[in-house]
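Chain lettering (A, B, C, D, E and F) follows the sequence in which the chains are written, and residue indices restart at 1 in each chain.
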Amino acid sequence: MPRLVEYAEAPPEVRAVFDEIKSARGVPDVNNFWKALAVDPPTLRRTWDSLRQVMAPGALDPLTKEMLYLAASMAAGCAYCTASHGAAARARGMTEAQFGELLAVVGMAAETNRLAEALRVPVDPAFD
Amino acid sequence: MPRLVEYAEAPPEVRAVFDEIKSARGVPDVNNFWKALAVDPPTLRRTWDSLRQVMAPGALDPLTKEMLYLAASMAAGCAYCTASHGAAARARGMTEAQFGELLAVVGMAAETNRLAEALRVPVDPAFD
Amino acid sequence: MPRLVEYAEAPPEVRAVFDEIKSARGVPDVNNFWKALAVDPPTLRRTWDSLRQVMAPGALDPLTKEMLYLAASMAAGCAYCTASHGAAARARGMTEAQFGELLAVVGMAAETNRLAEALRVPVDPAFD
Amino acid sequence: MPRLVEYAEAPPEVRAVFDEIKSARGVPDVNNFWKALAVDPPTLRRTWDSLRQVMAPGALDPLTKEMLYLAASMAAGCAYCTASHGAAARARGMTEAQFGELLAVVGMAAETNRLAEALRVPVDPAFD
Amino acid sequence: MPRLVEYAEAPPEVRAVFDEIKSARGVPDVNNFWKALAVDPPTLRRTWDSLRQVMAPGALDPLTKEMLYLAASMAAGCAYCTASHGAAARARGMTEAQFGELLAVVGMAAETNRLAEALRVPVDPAFD
Amino acid sequence: MPRLVEYAEAPPEVRAVFDEIKSARGVPDVNNFWKALAVDPPTLRRTWDSLRQVMAPGALDPLTKEMLYLAASMAAGCAYCTASHGAAARARGMTEAQFGELLAVVGMAAETNRLAEALRVPVDPAFD
């Protein structure tokens, strides 16, 4: 099994990030993703800082952002991310009916993405 | 250049789908994607029927569905689909600020997707 | 534009491969793929030798092999390969009706591939 | 583990699809893919209807279609689909020698797909 | 064509990033990537800050980092990134012989990646 | 579980390749990848011959080649290959600090690859 860095054995710069995550999310421990990323503390720090900035409320609300993250992760075929952002979206209020429709959209996109590329469809001038 | 089937030369079953698309969208002509897909009339018919069903308003509103489609297409690296669904989302009201945040989410997802898979992070039991 | 190595300027080890390709296929010149690959002569040689071996008639006939190559290239989203192996499959007898069905299969596979991964479906014991 | 909907707990519209699959395939139970997809009944119905239509005998015979599905699934890196369509192709008569050659074609396609894209090879005019 | 933000029309926060890039690289203008990313100034700023940090000399020298970036971009099939990081690696000293070997490694990786996944090879305990 | 061909049950042409791998690497047994690939002896032979040629010392040293292989495998999302080439790179001297920086480069590449494609950035003329 890959290495996961637990809080008790983590160096101070890792603990600092773990503490920020736990505080921001109100959880007693961080997810496995962060424990795995802690093998490289600068990447852990940069990823957390970027994620916090990108997922902050803005022109899009937090639930929409989580669903976009989930759709992109499904399209990229990342099993872990599909599971983690599926849980995060549900925690922000995504219903099972919304999940079903998101799944349907991602499936259709996968099919039409391949068809458009397989046929080398030229971009319509009106799109720009 | 790949073959595009124009209305004037299309067989009746293709014209029927083109007519439905033009009517549903209120446009004078269909996009290149449909003209390319018309090389196989059964796939054209099935894809249009599926797309219409999947993108209909439901538990998710039409703009959110378009943005999910756009995010999935970006994650899959389909240039045509990124252009066409970017235009469709803007037509449904996506602002440039919303597009910028969607882009940021897709970029972060791509990075963390690769990191999670590269480190083979085990799925947390709490996600299911 | 990327660099393409033409026969007139090619070193002897590149000309040798080009000659073999032209002879095996009965064509006056090689495709752009081989001219581009010639920037690294050992890769050109190895790729041609492997391709010739893999695509030789065996338990599968040459047309089926070309269609499998085309389907895999579509699934991987390679525009050049989709064009080149589409042409090669047609040269071996693929009809437009067969191409249409191949396209439909690749599209369905893309959709169900993403759905199966998004839902993290466990492999049925009966499959092995 | 992700949720799988079993027949005993399924709503009527899910049972109807399950019954059609079992009847069409002559099997006592459906595969995990369908049980997972049942979390969204409309997607289950649409996917089954599309798959049945796409995989029906036509210009290509059922074994060739299954092998194309398998090749596309391998190229897309879907482990579940590789297992399920590998089993389906064997059930339709694919020999181990044919499987070995299919595997070799998919491997070669993956390599040349990347090389063609990495070198940004321009499409030869003769391909269209 | 997609929108590119030129310096003359750029808002102050975009000009600030452009100035940093030009200064760090000693070039009179930034590449198209940065002009395109400028449609979302926060993403432009975050991407430049992250890239500068990640690509700084450390345990790996700058040429090795550029070649790793190039190999990853080739594997992901990004034509623009393959071109831009190919140029960057050459500017840092990558020879044509080194490029040829990098290309060969990426091609082999693509082939064995697909084979390993298609065969669902279990990870050897010794790897961890 | 997928089929793995063990030495004791392997036909002579498979044993010959296994013997070469064990001898070249000084190991008592081959990895699961080779045992799985042995279901198709010609693919086993061709893959081993190609890999040995591609990974031989040349313009790039063996450690750099292994790290490029690892980066490409991470970018392609192959879990097995990430594990096996991670172990191989460590065996050739890759430090944990180098691994961390490689991981960071692959993550950044994934993000900027998607951004460049999503924005359809035109290739700068200066890159060729």
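The definition used in the following text is that a contact is a pair of C-beta atoms (placed from the backbone, for glycine too) under 8 Å apart; a residue touches a chain by one contact, two chains touch by 3 or more.
Owing to the predicted nature of the structure, the values given are computational and were not obtained by experimental measurement.
Visitor: Return the chains shared as contacts by chain A and chain D, ordered by label.
Guide: Where chain A and chain D share a partner, that partner set is B, C, E, F.
Visitor: Going by the stated contact rule, which chains contact chain B and chain C alike?
Guide: A, D, E, F
Visitor: If I average the CA coordinates per chain, which chain comes out farthest from chain C?
Guide: Max centre-to-centre separation from chain C belongs to A.
Visitor: Through what angle, to the nearest 5 degrees, does chain A rotate to match chain F on its C-alpha atoms?
Guide: It works out to 120 degrees.
Visitor: Using only Cα atoms to place each chain's centre, name the chain farthest from chain B.
Guide: Farthest chain from chain B, going by C-alpha centroids: F.
Visitor: How many angstrom lie between the centres of chain A and chain E, each centre taken as the mean Cα position?
Guide: Each chain's C-alpha centroid was found; their separation is 21 Å.
Visitor: Starting from the mean Cα coordinates of chain A and chain C, work out the distance between those two points in Å.
Guide: Whole-Å distance between the two chain centres: 34.
Visitor: For chain C versus chain E, what separation do you get between their C-alpha means, in angstrom?
Guide: 27
Visitor: Where does chain D touch two or more other chains at once, residue-wise?
Guide: Counting only residues that touch two or more other chains, chain D contributes 1-2, 39, 42-43, 46-47, 50, 54, 74-79, 83, 100-101, 103-104, 106-108, 110-115, 117, 119-120, 123, 128.
Visitor: Treating touching as the only link between chains, describe the layout with one word: line, ring, star, complete or other.
Guide: Topology of the interface graph: complete, with all chain pairs in contact.
Visitor: Spell out the part of chain E that touches chain B in their complex, as residue ranges.
Guide: My answer: residues 39-43, 46-47, 76-78, 123.
Visitor: Residue numbers of chain B touching chain A in their complex, please.
Guide: The touching residues are 1-2, 4, 31-33, 36-37, 39, 43, 47, 50-51, 54-55, 58-60, 64-65, 67-69, 71-76, 78-81, 83-84, 86-87, 95, 97-98, 100-102, 104-117, 119-124, 126-128.
Visitor: Over in the complex, which chain D residues touch chain B? Could you list them?
Guide: 1-3, 42, 46, 50, 53-54, 128
Visitor: What does chain E use to touch chain D in their complex?
Guide: Going through chain E, the ones touching chain D are 74-75, 77, 79, 82-83, 103, 106-108, 110-115, 117-120.
Visitor: For a test of understanding, state which residues of chain F touch chain A in their complex under the given definition.
Guide: Counting only chain F, the residues touching chain A are 77, 96, 99-101, 103-104, 107, 120.
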